[in-house]
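Letters A, B, C and D name the chains as they come in the text, with residue numbers starting at 1 for each one.
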Amino acid sequence: MRDVVEIGPGKLARRGYHLRDVALVPSRRTREMSDVSTAWQLDAYQFAIPCVAHPSDATMSPASAVRLGGLGGLGVLNVEGLWCRYAEPEPILDELAALGEDTPATRRLQEVYAEPIKPELIVERVQQMRDGNETVAVRVSPQHTLALAPVILDAGIDILVIQGTLVSAEHVSTVEESLNLKEFIADLDLPVIVGGCTNYQTALHLMRTGAAGVIIGIGGDEWSTTDTVLGIRVPMATAIADAAEARRAYLDETGGRYVHLIADGDLRTSGDIAKAMGCGADAVMLGEPLSRCEDAPANGAWWHSSASHPVLPRGAFGAAEAPLAAMDTVLYGPSTDPDGCLNLFGGLRRSMAKCGYRDLKEFQRVGLVLDPGCH
Amino acid sequence: MRDVVEIGPGKLARRGYHLRDVALVPSRRTREMSDVSTAWQLDAYQFAIPCVAHPSDATMSPASAVRLGGLGGLGVLNVEGLWCRYAEPEPILDELAALGEDTPATRRLQEVYAEPIKPELIVERVQQMRDGNETVAVRVSPQHTLALAPVILDAGIDILVIQGTLVSAEHVSTVEESLNLKEFIADLDLPVIVGGCTNYQTALHLMRTGAAGVIIGIGGDEWSTTDTVLGIRVPMATAIADAAEARRAYLDETGGRYVHLIADGDLRTSGDIAKAMGCGADAVMLGEPLSRCEDAPANGAWWHSSASHPVLPRGAFGAAEAPLAAMDTVLYGPSTDPDGCLNLFGGLRRSMAKCGYRDLKEFQRVGLVLDPGCH
Amino acid sequence: MRDVVEIGPGKLARRGYHLRDVALVPSRRTREMSDVSTAWQLDAYQFAIPCVAHPSDATMSPASAVRLGGLGGLGVLNVEGLWCRYAEPEPILDELAALGEDTPATRRLQEVYAEPIKPELIVERVQQMRDGNETVAVRVSPQHTLALAPVILDAGIDILVIQGTLVSAEHVSTVEESLNLKEFIADLDLPVIVGGCTNYQTALHLMRTGAAGVIIGIGGDEWSTTDTVLGIRVPMATAIADAAEARRAYLDETGGRYVHLIADGDLRTSGDIAKAMGCGADAVMLGEPLSRCEDAPANGAWWHSSASHPVLPRGAFGAAEAPLAAMDTVLYGPSTDPDGCLNLFGGLRRSMAKCGYRDLKEFQRVGLVLDPGCH
Amino acid sequence: MRDVVEIGPGKLARRGYHLRDVALVPSRRTREMSDVSTAWQLDAYQFAIPCVAHPSDATMSPASAVRLGGLGGLGVLNVEGLWCRYAEPEPILDELAALGEDTPATRRLQEVYAEPIKPELIVERVQQMRDGNETVAVRVSPQHTLALAPVILDAGIDILVIQGTLVSAEHVSTVEESLNLKEFIADLDLPVIVGGCTNYQTALHLMRTGAAGVIIGIGGDEWSTTDTVLGIRVPMATAIADAAEARRAYLDETGGRYVHLIADGDLRTSGDIAKAMGCGADAVMLGEPLSRCEDAPANGAWWHSSASHPVLPRGAFGAAEAPLAAMDTVLYGPSTDPDGCLNLFGGLRRSMAKCGYRDLKEFQRVGLVLDPGCH
């Protein structure tokens, strides 16, 4: 049953499945929509929907982070993004919003991100978010965590997200001091979300750092080119199910510490979200869908953090398209389009109702069918 | 042999197969066409072909329901469709027939279906069908069954179709009275067809409600977006074969009650129909093919009921194309086109003859080959 | 290892593989081209290449049948084609050569094939072929064999091809006298090729009729629509390998009677031909490639016999394209195009040399690799 | 676990996997980029990157071979190419660079390669390379090795590459003297690289000839048509893993002789290179990527040696596109494009760091995930 194949003698590979490879199987019950809850809680923070923003400058400004909080999700600002490099990032965001999808766009991203991060702007942006009276979360990369953490923590946040494309609990370096995640987190008195990662072992080791949440996946989507550049690609259904097993193992070894899994990748429609939850995720991290809201910071343009890497960019620039709808309509509808990109969490709720489950934890048990076809 | 794979530890998925994934394997005999019968009988009603109309306003008006009956199939009018919301739906159907395939079409569908259902129109439409002297069948949704059933039954129908995208035998609600299908059907003295459903368990429970027929599938086709919106998709070959096993189990537990399986989804060509029967279906429910007949109510436009959902539409609007042919030619030929969309039941009959089977029940035993390729 | 999967409980399907799904694995030897032979012998008839014409009016006129014979293959004229319906078919072929790929082309095919077959023309065409001094073969359908055989045999042919899309050794009819292939063949003193068929059982039963050769496959190619019309599709690699096992079984049960397998379907390039031989075929039946020769009867247009069926056409009309090259160049090169459509049997010979085999019988043992990808 | 399937009774096929079918799985560690080495050594020759040029006239002139050497790779000149057929090949290369992708391009290749090879030009080209003070390597085909070897060896090279599309250790011929690789190599006192080959057996036998390196694969890429012409196609992940097992077997039987595997096929991006190394390759042979450098001999046009075969061409001509960048940027970056075609070995190094490995030998152990989807 374990789906391990022999690529050649001595070289095994485990088969991995994408969310698009699976579909949910309704149980023999259905439930009334109004009996179904999509509520999610991380540490002391409660959310109406299991929705975390992917911290790209294309999705999150201080204002849109607050707006997402007000709508029941968790906004996350990237403190290594344009808002903390420029006192007035709006003209740059407007310029990016006007670029097309080609190599010069990548070059321009590389240029604007060459501007240094300014600690005083971090303080200012956090304050702007605090003024919104919603849960305040920011993202920092593992490389910059030691340098920027004091500023960030002093600024007064609620949740810290330490996120790189691929993060391990054990970064080995002979040349400089590395972040020891376990010690770092132990010294904090706020919940930390850490990731991304792709498999059972890495997820389990990240849980052992004391993180409240682990990000599963690397934000893969049609703009991501991690596979062509690094040879690494993450079948999300398998990655989530693996991490769910790590969550159970860690629950057992700690006698009850529950670490939340936040899926980040291949999430575009309400159906994708439902499948991620059905594979075992506790919440989803949305990037491109939030970049397409009417009031998104870059007017519908979309790029990953790694798209601006100075020597090895790993994401294509998604030129601005017409906005889908206001953020509340994207999240809660009503939808006027049948393609699953609007009313994302209304769609999740209806999927739960049709499959017969009342809450997200129950819904993780939904049956799956695997579809061998093409897409 | 059972094709269950491990998506991740503790998360299994059964592999599902589409009709397009399989093909029929002829036996070592062939048969003369004139020796082959496509006759089907449901309860006391006899049909020359195992053809039930998918009850969309794009396929069925009272007149076309009668026409299908006259040609040997079963017409089904949707009592929640435009014919029972408007005294004169023709101008609206004409307007829809002129729309293109985009978001405004979805909006316009949502608007025209916002008009309330009128019980007096139900009575009138049923009477129009009764005047045609063919078997009279109408469709109602589970949500509206309790409210509309008295009107429908008084109007005098032969067969009742209770159909939603996904119907279970046990709808749980803490807020309002739910339809108890088993009790409801027990009180009726006419045959009920109920569905759709997607798997063995749900099919078996629907059989236990006392239904004469169970709809397998959710009408999935290239316009359906249930997968992207809800994460639910139905590989029809597997769904039908599963339900056929449920039919055998129910035959055994009841000592001989045979419930008919009506396949609804991925049925466009005579080859698709032959495969559905070969997987174990007793009849097929045709949507888009009937909407393409010369005299179809919306002149060749096509949409599912769920395409007009007020907050979560789940089907694209198929703009009108040139009609294929008159309904009798679509069903019985002669075909002048090699793509399998004309002479649907002549194609079924020839497939049965080439494979060596005389009637539909025998044909359910035909061999299958699975094709791992792409399409 | 036997690749049988469960579509649903009680409904199994064997996995079938196409020629495009497999590739040849060279052995640890290579051979000099001049040491490799592509010779084939059927009964007393010897051929330089294992090439039989698919008997379509688009490939074979009496003249092109003779030409193929002169080049070392076996030409086969369809006695139910235009050459035996019209005294002067050339204007009709020219008209067809000028048609495009749409429904009217199918209608026109249906019209021109409505003209009755004329026995006196059969005699004349056979005489034309006899004048060419090559092996003379004609094709007749099972339905017309009893009626036309006397004329055909009197006309004086060498090899008879009884071919329908799907032929069984046991055609059951309650309404008219059927052809009993076994008795019919026993009474003849010339070799008979019979088919097509798709699987082990049918192939074995056809061998037991006394045929010298059995056609495997139904001529499937990109113009064939048997799958969409009848639900029947033939993964050729599996069909050929199955029939090769039937050949071994029949060899054993007869103590040494070797029946030749002639593969008919999915054969377009020299690589396809090499794969068919590597799966166990003794010869290949070429349709579309021969229709593309400079001197083909319909100037490059292509259609199957079943494309003109009066009520259920099962093949698209392939409008004429520019000819590839003269027939000798198509078969023997030199090729000036890298796509495998020229120098078909030079390509086969080189494949045998690169894989390390000297003759076709040896080459049937070549190793295969299965490629799970898409195409 | 061994993935052997039954195509039909008695005809087995082993499943083969392409590099695109697999992806790398990071370990639970990550490493600092500066701790990671991509160094490679073959016999006494050291290279900063495991990069060998595919010896096509589209990639290598004497000058570009030296340039690649200076950048840490191994340039290889084809002594059967235009540089050893023409005293001044530049005008011909310029003409080829201006051709489009069609049959006349193939014809023109056939014409220009009809010019005989001139031994005096071989001497001159080798001398030009020697003047560059980098490791000097040339390619000769097995057919011409006996005739050309004396000239080549006298000219003074460091490494000899004997390469054909498919090379075996045992070429059988009844008509002329064949190259005995084992005897030939035993008589030389310089390292020989030999190939291509596709499987365990052939690789093992080629190792036993005494070669220092074996080329795995046949240079397959989107321009290669070996599959359509010969029916032979090489899933590279499996071919490499197979050869790695042969390397282990040969290590054991010789008590420690390590033969290097040079992967040649499906290598276009840094991700492809990382996967090839992860499957067990010691180095990669790059064709099309090198032909796209600013200073490539044919200004960005690309063709395989077999594309000019006089009677059976087996590769399409790739018309010149705009150059990607200078060779050092293609190999080492910085990249300004996210598609993985620039900074090829910076990408490899980063992949090794993210996966947690320090050198290429360690990296061969990286985990793999198999992705059943389409591409």
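Criterion: a residue touches a chain if its C-beta (ideal position, glycine included) is under 8 Å from a C-beta of that chain, and two chains touch if they have at least 3 such contacts.
Quick caveat, the model's predicted, so the values are computed rather than measured.
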Fraction-based call for chain C against chain B, same above half, different below: different
Angle of rotation relating chain A to chain D [CA atoms, steps of 5 degrees]: 90
Label of the chain whose CA centroid is most distant from the centroid of chain C: A
Rounded Å distance between chain C and chain D, as computed from the means of their C-alpha atoms: 40
Where chain B and chain D are represented by their mean Cα positions, the distance between them in whole Å: 56
Touching two or more other chains - residue numbers and ranges from chain C: 15, 17, 238, 372, 374
Graph class of chain-chain contacts, one of line, ring, star, complete, other: ring
Chains that touch, pairwise: A-B, A-D, B-C, C-D
Chain C residues within the chain D interface of the complex: 1-3, 15, 17, 22-32, 34-35, 200, 237-245, 248, 269-275, 278-280, 333-340, 343, 346-347, 350-351, 354-356, 367-374
Complex contacts: residues of chain D adjacent to chain C: 4-18, 20-21, 103, 106-107, 110, 165-176, 178, 197-199, 201-202, 205, 225-235, 238, 307, 310-317, 372, 374-375
